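For reference, chains read A, B and C in written order, and residue numbers begin at 1 within each chain.
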């Protein structure tokens, strides 16, 4: 069976695409902070005391970015979690590369669609594509595992 | 020490139960989408433009599913993250199987309790059981690790 | 390349600090439950039927803990996910220890700042420090990976 080590080219590739996907998710935190500081919209009284502005829960300029971030949490983290088991099943390297690239491209398109925003169903399709990749990997992991 | 590879029966078992737990979490996204499309309740103007319906934040038909999903995020992801270190500590295979099965069964019961809903304290007990499994594994990992 | 096994001292150290960080995140669930039961504030009618109190969405006594928990989800999970790839790149053990310790200390300070609360920009700086550690590790993983 395949090792979880950079000596294994599929793991090496999984590391790259996981790094990109998590790096993209981290950027959402930075975008939220930028939006809060620019629009002076905060959730806590001590933030208003320190940075000025108003305490508002639910302002759309912040909430759209947060929904996009939450969608990353709901999709990127499961991809990386399930993907490491998938790599351990010693998958065909070509198929593995197709799945990893499809996932990362679909997640980047999802973010562009959400923040622009691009008319639906573009965001819906981007989200379903990434979800489908993780669901396929989960099914293969369950089949390879032991009850 | 035990390898993180499908040659290790405990890892093989961990892969199966992690795949099931993450697959269950992924299903919550699908349930949210189904509820949004059926009840025509969306969070963004472009969704209403594309699919019809109304822009409502906080409708209970969607929010109950989302709270259940969020609870999975708060419990399933830590289980898989901490579990891989736990497998690396080379635990007794029988105890490991008990912990993995207890976790996954309690999470499935939690979802049934939340979506039915079943009277409390059933959901509370299901949640605490899964939480306890992850807490035990975290304590064993901390003890086996190096400061 | 370095193995993901407790025979590797950097992995052993990563296991310890990941266990502490996830254990700390799990404690936020317990704090939320305690605050709900003490203040009798719940999100679901079946919780009120079972435990008494009122159904309130958005009460600050619960929401502050939940925002702190959400911040852990947004920062601790990526740290553990990206960190396992970082360990696989066979980093200098001294630098790896600096990054792991900086992350865990900054996250503990973040929680103290959020729950006290301590005046800003203390929480902001604690959050940015942990975020920076994960971002550095993600960049190193992307560089070591394969496109």
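Quick notes on this one:
Convention: a residue touches a chain if its C-beta (ideal position, glycine included) is under 8 Å from a C-beta of that chain, and two chains touch if they have at least 3 such contacts.
Note that this is a predicted model, so its numbers are computed, not measured.
Shared numbers divided by all numbers used gives the overlap of an interface; between chain B and chain C this overlap falls below half, so the copies present different residues. Between chain A and chain B, the superposing rotation on Cα atoms measures out at 120°, rounded to the nearest 5.
Annotation: 17 Å between the Cα-based centres of chain B and chain C.
Residue positions 3-4, 73, 77, 81, 84 of chain C each touch two or more of the other chains.
Residue ranges on chain B touching chain C, taken from their complex, read 1-4, 58, 64, 67, 73-75, 77-78, 81-82, 84-85, 88-90, 117-121, 123-124, 131, 134-135, 138-139, 141-142, 144-147. Considering their complex, residues 3-7, 9, 11-20, 22-23, 25-26, 29-30, 33, 43-44, 46-47, 49-51, 57, 69, 73, 77, 80-81, 84 of chain B touch chain A.
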